[in-house]
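Just below is one structure, and these are the notes that go with it.
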Amino acid sequence: MLSQDKRHLIAKRVAEELEEGQIVNLGIGIPTLVPQYLGEKEVYLQSENGLLGIGPAPTEEELDIDLMNAGKEPVTAIKGSSFFSSADSFALIRGGHIDVAILGTLQVDVKGEIANWAVPNQPILGVGGAMDLVAGAKKVIIAATLFNNKGESKLVSNLTYKTSGIRRVELFVSDYAVFKFTDDGVRVVEIIEDITIEELSEKVGISLEYAEEKILN
Amino acid sequence: MRKVIQANEVSNLVKSGDTLLVGGFGLSGSPLTLIYELLHSDVSELTVVSNNLGEDGLGLHKLFEAGKIKKMVGSFFSTNKPAVTAWQKGELEIDLIPQGTLAEAIRAGGAGIGGFYTKTAVGTELAEGKEERVINGERYIFEKAIKGDVSFVKAAKADKLGNLIYHTTARNFNPLVATAGKIVIAEVDEIVEVGQLDPEQIITPHAYVDYVIQSKFVKQGVNYVESR
Amino acid sequence: MRKVIQANEVSNLVKSGDTLLVGGFGLSGSPLTLIYELLHSDVSELTVVSNNLGEDGLGLHKLFEAGKIKKMVGSFFSTNKPAVTAWQKGELEIDLIPQGTLAEAIRAGGAGIGGFYTKTAVGTELAEGKEERVINGERYIFEKAIKGDVSFVKAAKADKLGNLIYHTTARNFNPLVATAGKIVIAEVDEIVEVGQLDPEQIITPHAYVDYVIQSKFVKQGVNYVESR
Amino acid sequence: MLSQDKRHLIAKRVAEELEEGQIVNLGIGIPTLVPQYLGEKEVYLQSENGLLGIGPAPTEEELDIDLMNAGKEPVTAIKGSSFFSSADSFALIRGGHIDVAILGTLQVDVKGEIANWAVPNQPILGVGGAMDLVAGAKKVIIAATLFNNKGESKLVSNLTYKTSGIRRVELFVSDYAVFKFTDDGVRVVEIIEDITIEELSEKVGISLEYAEEKILN
């Protein structure tokens, strides 16, 4: 599969997890592809810099440096949107009022703790709102390819990169499988790629099991 | 009670070694006229509290290039290569704080709150050396409030009393820094008569604002350009 | 996603023993329809967080008269004689908090802040038993955030998504309690279509609001009277 | 002097202390009389429940239960006024953005610490915004008669009533004299009533001295 196809495959699968009316924050990268797969389902996109209700990309005429998303890309605002300060925006995030944060990551450990802010071997000079979203969102879904560009699994037994916080994410939607994290550890909810769970386990280097969804939910 | 001043009066209000609180998210909502006024002044050794260091060659980055910034306090500098290099050489101090904690700390500074406990960053490298406390069974870290000597604010409109309103996401950190500086200067697109702003819509009441200047920049798509 | 409900659905959302956060300053901006709905329900043993206990015979005071309130958390009850008497007899618990600390604690509860340090009340009887800390040479006391099970909010207008705007000083504690309840119910004078509220003027974004009801009260001078 | 005259005398003297453009919070009682003595001087009155810019008392037609001051009396709002939440209002107060708070009191000690919230021998069930104003305003002026209705001096060596906080007030404008509080203790700035400083000292029960204004300021 082409890299671009994988990204869309992941975004489409994540879109299925969202529910009508939810307040959603999207990280940069694959998460930004999710809205195009929502169909009729209406969700409300929040941006850290002070907007609830991000609309479609602006036309050339609509471009306005005042109106940006947290990735500093120009956006529009939908009907019913609202603007607020950064303090009020993070009150919304940290206070548990974002239903779902969809984030990229560098690593996820088997308990669901993630490392998504500090790129290894680079000076650590940027965190932005990453840790606030990890700490505050009601549910965190990771949207990322299972392997990084060196072929290393992002699902790991123990984080070797710097943690983004003690909060464990709920779901990791990858191009190979969907992983769910509970108090019992990681379980495979769904296999996307044409691969057995044994083959997946071998590729990842962790012995993986299917979730018994009926029991877990 | 003359709040509306000329841009060239600004540099007299800032001293070397001051802590400067600056609104804006990247360049969006950035008080460019105020920032650029300092380029021609002899102030230096500034500590600047702002989410970013402008963008390469623009905004706060120009102050940095001009050697006026000793230390940055903010949440995201990774994409600013010259700043990263300066930090590596020990020429620029950087205090990295999660964006929400930064916003809350500035709000606390303006609100007479000495410090607070946040969930954000618990257990991470950014919590190292910070006091941790369990409150109602959850782990939090302590953060001190942030205050400044001078605040640079960008707003859409001011009335002549100094009441401010903002435009869309250019609001961002601006109302926060407006509360937390000993001297607060607002750069605005338009100055209107008292009574022309809706009292329900004023975001920054005039009690916070010491001076107002007319911005020299206008929007042109995804840029602010100097008006002629 | 049906946020607009009928008043008689409200009492199903509140359970005995709940902590109820209620907006309003005295009766001004008080969610009377929501409060009075509980009179006909069998909920009891409520802890109510609100600046006052309504006024004698009106607002929250009716809930108290009906024996539904176990404990009040607020800043001013002295002028409510029956409440003072009940407190003296041990029939009503009262937790007295300075008004600014109360407002800040509710805001903190809604904002994911575990607690904070305030200058207010340092050295007074209301600081007894509270941790004190010196920050940058000033004395502060620690206050924990306040959260609730259910919040009762009074606003002027809601759109059908639940975005809220307020009217003059009837705003008071309402936007704060709107952030800090597990279930947030807003009583409004008018429900409008989505898009009819100015995005710059929305004080409570719809993310905070679970339900909206039409108020049964209208203003008549210095009173709210039940509309026919 | 009639009691009502004394109250106005105090209010008028306090008005002289205010400067054009200041942000002022008025407590209940005598402080509410101050605005009528401001003449051309424009100050901006803040109310704890979320208003900056209190206007004159409303007409019958203007009465609106939504628009109240912190004493729960109907008010109006002037041009240039703004409304905000109680949290934002106390951020203004506690954060040091009120230039002057004019408050009543039960007692002031010789160092300027005040007791103005808990009425003795009554259940302590009300504090309102009193302690926030004492802790937060840039300057606190006490506007009160020097003696209570039992004839006891409100200026005392040590508070016997419950303190409102550790912050010392700057000025006490009474019907007999104006007292200033500095690190050196209380000084008489001005005598209003026709009385010598010795007679005043005897009435109050504290040996009082004049301030040397030129040195103090």
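A, B, C and D label the chains in the order they appear, each numbered from 1.
Here is the rule we use: a residue touches a chain if its C-beta (ideal position, glycine included) is under 8 Å from a C-beta of that chain, and two chains touch if they have at least 3 such contacts.
Protein names from UniProt, one per chain: A, D = 3-oxoacid CoA-transferase subunit B; B, C = CoA transferase subunit A.
Remember, predicted model here, so these are calculated numbers, not experimental data.
Among the remaining chains, those touching chain B (CoA transferase subunit A) as well as chain D are C.
Taking each chain's centre as the mean of its C-alpha atoms, chain A lies 55 Å from chain D. If you average the Cα atoms of chain C (CoA transferase subunit A) and of chain D, the two centres end up 29 Å apart. With centres defined as mean CA coordinates, chain C (CoA transferase subunit A) is found 35 Å away from chain A.
Residues of chain D found to touch two or more other chains are 77, 83-84, 90-91, 93-94, 135-136. Listed for chain C (CoA transferase subunit A) are residues 104, 107, 111-113, 118-120, 166-168, 199-200, each touching two or more other chains. Viewed as a contact network, the protein chains fit none of the simple shapes, being neither a path, a ring, a star nor fully connected. Under the contact rule stated at the top, the pairs of chains that touch are A-B, A-C, B-C, B-D, C-D. Interface residues of chain A, counted against chain C (CoA transferase subunit A) in their complex, comprise 20-21, 23, 44, 46, 52-53, 77, 79-84, 90-98, 135-136. Listed in rising order, the residues of chain A touching chain B (CoA transferase subunit A) in the complex are 47-51, 60, 63-70, 72, 74, 77, 83-87, 89-91, 93-94, 118-119, 122-132, 135-136, 162-166.
Interface of chain B (CoA transferase subunit A) with chain C (CoA transferase subunit A) (complex): residues 104, 108, 111-120, 133, 135-136, 138, 140, 144-145, 165-168, 198-201. Across the interface of their complex, chain A is touched by residues 1, 107, 109-113, 159, 161, 163, 179, 194-195, 197, 199-200, 202, 205-208 of chain C (CoA transferase subunit A). For chain B (CoA transferase subunit A) in complex with chain A, the touching residues are 25-29, 51, 75-79, 83-84, 87-88, 94, 96-104, 106-107, 118-126, 139, 166-176, 203, 219, 221-224.
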